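Below is one structure. I have some questions about it.
Per-chain residue numbering starts at 1, and chain names A, B and C are given in the order in which the chains are listed.
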Amino acid sequence: MSFRNFAIGLTVSFGLAWFSVVVLPFFKLRELSPVSFEEGVDPKSGIYFPKTTGRVVDGARVYAENGCYQCHTQVARPTYAGNDLKRDGFAGLKADPDRGDTRRESNPFDYVGLDFAQIGVTRNGPDLINLGRRLRATYGDEADEHLYRHLYDPRLDPAVASWSNCPSMKFLFEKKEIQGQVSDAALDVAVEDGFQIVPGPAAKALVSYLLSLQHDDVVPSSMNYAPVVPGNDG
Amino acid sequence: MATLENDQDTILRASIDRSLRHPVMFFFTSGAAWLAVAILLGIISSAKVHSPGFLDSCPWMTYGRVTAAHQTALVYGWGCQAAFGMAIWLMARLSRQTCRNAGVILTAGHVWNLALSLGVIGILAGAGTGMPWMEMPSFAWMPMLLSYIAIVVGSMVQFKVRPEGHTYISQWYLMAALIWFPWFFGSAHLLVHGFSGSPLGAAGVNAWFRSAMLLMLFAPVGIAMAYYLVPKVLGRPVYNYSLSLIGFWSLAIIAPWAGMQKLTGVPIPNFLPYLGAFAAILFAVPAAMAGINLLKTATTDLATVNESPTLRFTVWGLIFLLIFGLASVLLNLPSVMRITQFTISGYGYDVLGVYGFFSFIAFGAIYFIVPRITRREWLSRRLIKSHFFLSLYAVFGIALVAIFGGLMQGVGQETFTSAWEDAADRVVPYAVMTTVSWCFLLVSNFFFFVHLTLMWLRLGRRSSHPTLLVEPHHHDPHGPEGDIDNAGPAVH
Amino acid sequence: MVEPDFSAYPMQDPHKPDLDDSLNVTESHDRLVREAAAVAREKRVNDGGREPVSLWLFAASAVILIAAGLALGKAGNFFDYDEYVQPGYMRDNLNEGGDEGPPPVDALKGYMAKGEKVYGKCIGCHGPDGKGGGAYPSLAGSQWVLGETDRLAMIILNGLQGPTSTGKTYGVMPAQGIGMSPTDLASVMTYIRNAFGNTKGDVVTVAMATEGIKISEGRAKAGQPLTKEELDADHAKDLPGDPLDPAAKVDPVTLNPVEEGK
């Protein structure tokens, strides 16, 4: 084998794969063409393009910096790739009072606005792509209070205390002296007299981000893979 | 036999070793130090999986950061530096050229260390990027890439001016790794840090990059080193030359396509993850070819394999290569993938590749190379044996336990009628076993560090005989042992 | 006797020769062994073996290739960057192995519950009590609300201008049909016919509402608000469709009829 043949062989074998599997998809996924709802078929009209707010991007950064992706994923896989959709709460709600079964697969628009889709590495903890939805369905207006307490110390969260190995993120919170009245934002956790625990700015951003994780909205029919049920007319 | 040709070879080899002694010793000792750091961080991280209260008051030690720092130190601190040390030494030896820019390489190595240290501190301080195996803040990758180029450019020149005649198989593997690494490392980091607005695209590039580190850096360098050590120490030819070439080209064709299988079910173009799984499964073919080629060579003289520390580690590294190939097949079958995709199996697979396969071969190489560049022999048979056995148990305890545990965890996850608590509880026993195994690894590598440090301080044995893993009163293949004196003048 | 050529090894300092340059081969060899013992005993490395390769290796490679093919088979169309799921993918039934969802309810109650929610956008003009508060027409006791369903559907979908059933003119009612599904239309019609004191007692079914949307789109002046003249001329009839027993059971979410015993 001469060096010339080696170099050609290596360049072609690597370059072909690098271009078609790395470079091209990266740039194609950068320009998502918006999908429209079809008149008469879909209950909604217009273009399907959810947006994210600036606060959410800050929260996503706190999520990345503290390595939450090591134990939590954010994707609802189609049924040929896993049972995510069948588990109530992961991909949507099984019995939403308004819309019934809202569960759906993740689509590319669920990650718009972030620089890195936190798909995740393992599921030591539950999937989070619909965390906001799940929490609001269970706790209503107290969802953020519940989430703050969970982040402060998961062992204080009655829903998971007996089994959760999620780390305590106490460093995202601040211990402040109570001045006059206890603050509205104070957590309902044990703390020495005269002090209260309030969320720091990172905790607020993180909770804002986590509660925004709700991706079970109605999608255009071209992205709707639900089996057709007779009598269902949208 | 005192033939002139042998002596000329000896003189050449000795001058090559002498020219490289500073950079190679630096990479091995610095790599070993990073391995110590990685193991300590690995113990802390693994403990937190089953005991979250451990060290929970320190934000720098929160699980997410510590795990990222552990993997970074293991891969870029130990793995990459061991690879650099092996690659520059091996390329110089096989190209029969001394090293002419040892000072540049040494400086570049220190730059790598500096960038890496700042990167790891950045991760622990909470400035990580959140991308697995690419968590170092964005300032780190460019200095590391530049220092890499400074480290390997000399080797590429040596290859270019190598003597006419046969190019050894290891040289092809090394050249491939030396060309691949900057290409995939540079482009992956450039895409991810330089272009925003493609969240799923960046996730895809990251997944491909992780596979590229295993299959296009550690695999070829490890295999190259094994192709040198086994025939060298045994004095026998490699089993079959054509098999070597087929193995090399099958790796070159298959490896660049793997990686996307980590994103099965994610809303990216559907063919990407399955093409990745196809390539990841096919990786078992070049792994089997290299592994079996060399293991067949080793079976021609098992007595030497048993006695030589180099060969014991190298042969076990090749066995782990075969197991790694088998794991590649099993974990990437679609029916298994849906169960193990988001479990600790992925971690076990990575450790099998980085520690079981690559690190064992690196230890074999270190046990071979260090006596040659320090002109001393290893001090203690027992230290080497302890290092070997404890590492062996630990790799089984981490890699195979995690792969199996991930299967159990995945079954719990897929059973959607039970609460999540069931899936979460299933991980705990495997996590405990992993923590214990990391502790084994700390002890085993403690022996290694001590031994390596003593060699670095030129306190090794002055002997004409290597330190073999045999009892002293057994038949010594080298004849009666003589004492040597390297400190005296060579010419009177 | 040949002297080794050291010019190729510039790292060597000639004043402190690292290795021997003696003319005596045996002496220099001994020196080499003494000083670079490990290197001296090395053998030449050889990768040129020609042992026969076992067929088992190729058999194993074939098995691996077949296994890899299992994965590749799921890839669908290669290099189709626009297809994000497997071609022809249809979700599995998500409810097997678990329970069936919310229990069925009486048809009239189910339709009215949904209709009440849809009515939320009508409250602004027609009021929470349906009486309009003087500035807008009252739905309570209205002849058009309680009358033929085709006419009522047209008004809701297209809006109205000019006088109402009472002869009074209130301005223009804007069309509500954009994005309104047949389920929404059927439920809000059922609701207003059975609330605010109205007690029509029947259900406008989803099938009827679908027909109504078709009729509305087929109008000569489709998209424009109707007038009393057009309503009296073209739409003084009920929507076609089978009636639904108000006490039959339906799924509260989809309003699909549910078989008894489920």
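Definition applied: a residue touches a chain if its C-beta (ideal position, glycine included) is under 8 Å from a C-beta of that chain, and two chains touch if they have at least 3 such contacts.
What you see is a predicted model; the values in this text were computed from it and never measured.
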(message) Measuring from CA centroids, which chain ends up nearest the centre of the complete protein set?
(response) A
(message) If you average the CA coordinates per chain, which chain's centre is most distant from that of chain C?
(response) B
(message) Nearest whole angstrom, what separates the Cα centre of chain A from the Cα centre of chain C?
(response) 16
(request) Take the average of all CA coordinates in chain A, do the same for chain B, and state the distance between these two points in whole angstrom. (result) 34
(message) Can you work out the whole-Å distance between the CA centroids of chain B and chain C?
(response) 44
(message) Quick check on chain C: which residues sit in contact with 2+ other chains?
(response) 74, 79, 81, 84-86, 97-98
(message) Residues touching two or more other chains, restricted to chain B: which are they?
(response) 267-269, 275, 337, 416
(message) Can you pull out the residues of chain A that are in contact with at least two other chains?
(response) 25, 28, 78, 80, 86, 88, 105, 107-108
(request) Would you mind writing out the residues of chain C in touch with chain A in their complex? (result) 74, 79, 81, 84-86, 89-95, 97-98, 101-102, 117, 178-179, 181-184, 206, 210, 251, 253-254, 256-257
(message) Taking the touch rule as given, give the residues of chain B at its contact with chain A in the complex, in rising order.
(response) 48-53, 56-57, 59, 62-65, 67-68, 126-132, 135, 159-160, 167, 172, 175-176, 179-180, 183-184, 187-188, 191-192, 195-206, 208, 245, 249, 252-253, 256-257, 259-260, 263-269, 272, 275-276, 337-338, 341-344, 346-347, 413-416, 420-421, 423-425, 427-428
(message) Using the touch definition from the top, list the residues of chain A that touch chain B in their complex.
(response) 1, 3, 6, 9-10, 13-14, 16-18, 21-23, 25-30, 61, 63-71, 73, 75, 77-78, 80-84, 86-88, 105-108, 110-126, 154-155, 160, 162-171
(request) Using the touch definition up top, name the residues of chain B that touch chain C in the complex. (result) 2, 4, 6-15, 17-19, 94, 98-100, 166, 168-170, 227-228, 231-232, 235-244, 261, 267-271, 274-275, 277-279, 281-282, 284-285, 288-289, 292, 296-297, 329, 332-334, 337, 371-372, 375, 377, 416-417, 463-466, 478, 482, 484-486, 490-491
(message) Going by the contact rule set out above, which residues of chain A touch chain C in the complex?
(response) 20, 24-25, 28, 43-45, 78-80, 85-86, 88, 94-95, 97-101, 103, 105, 107-108, 225-227, 229, 231-234
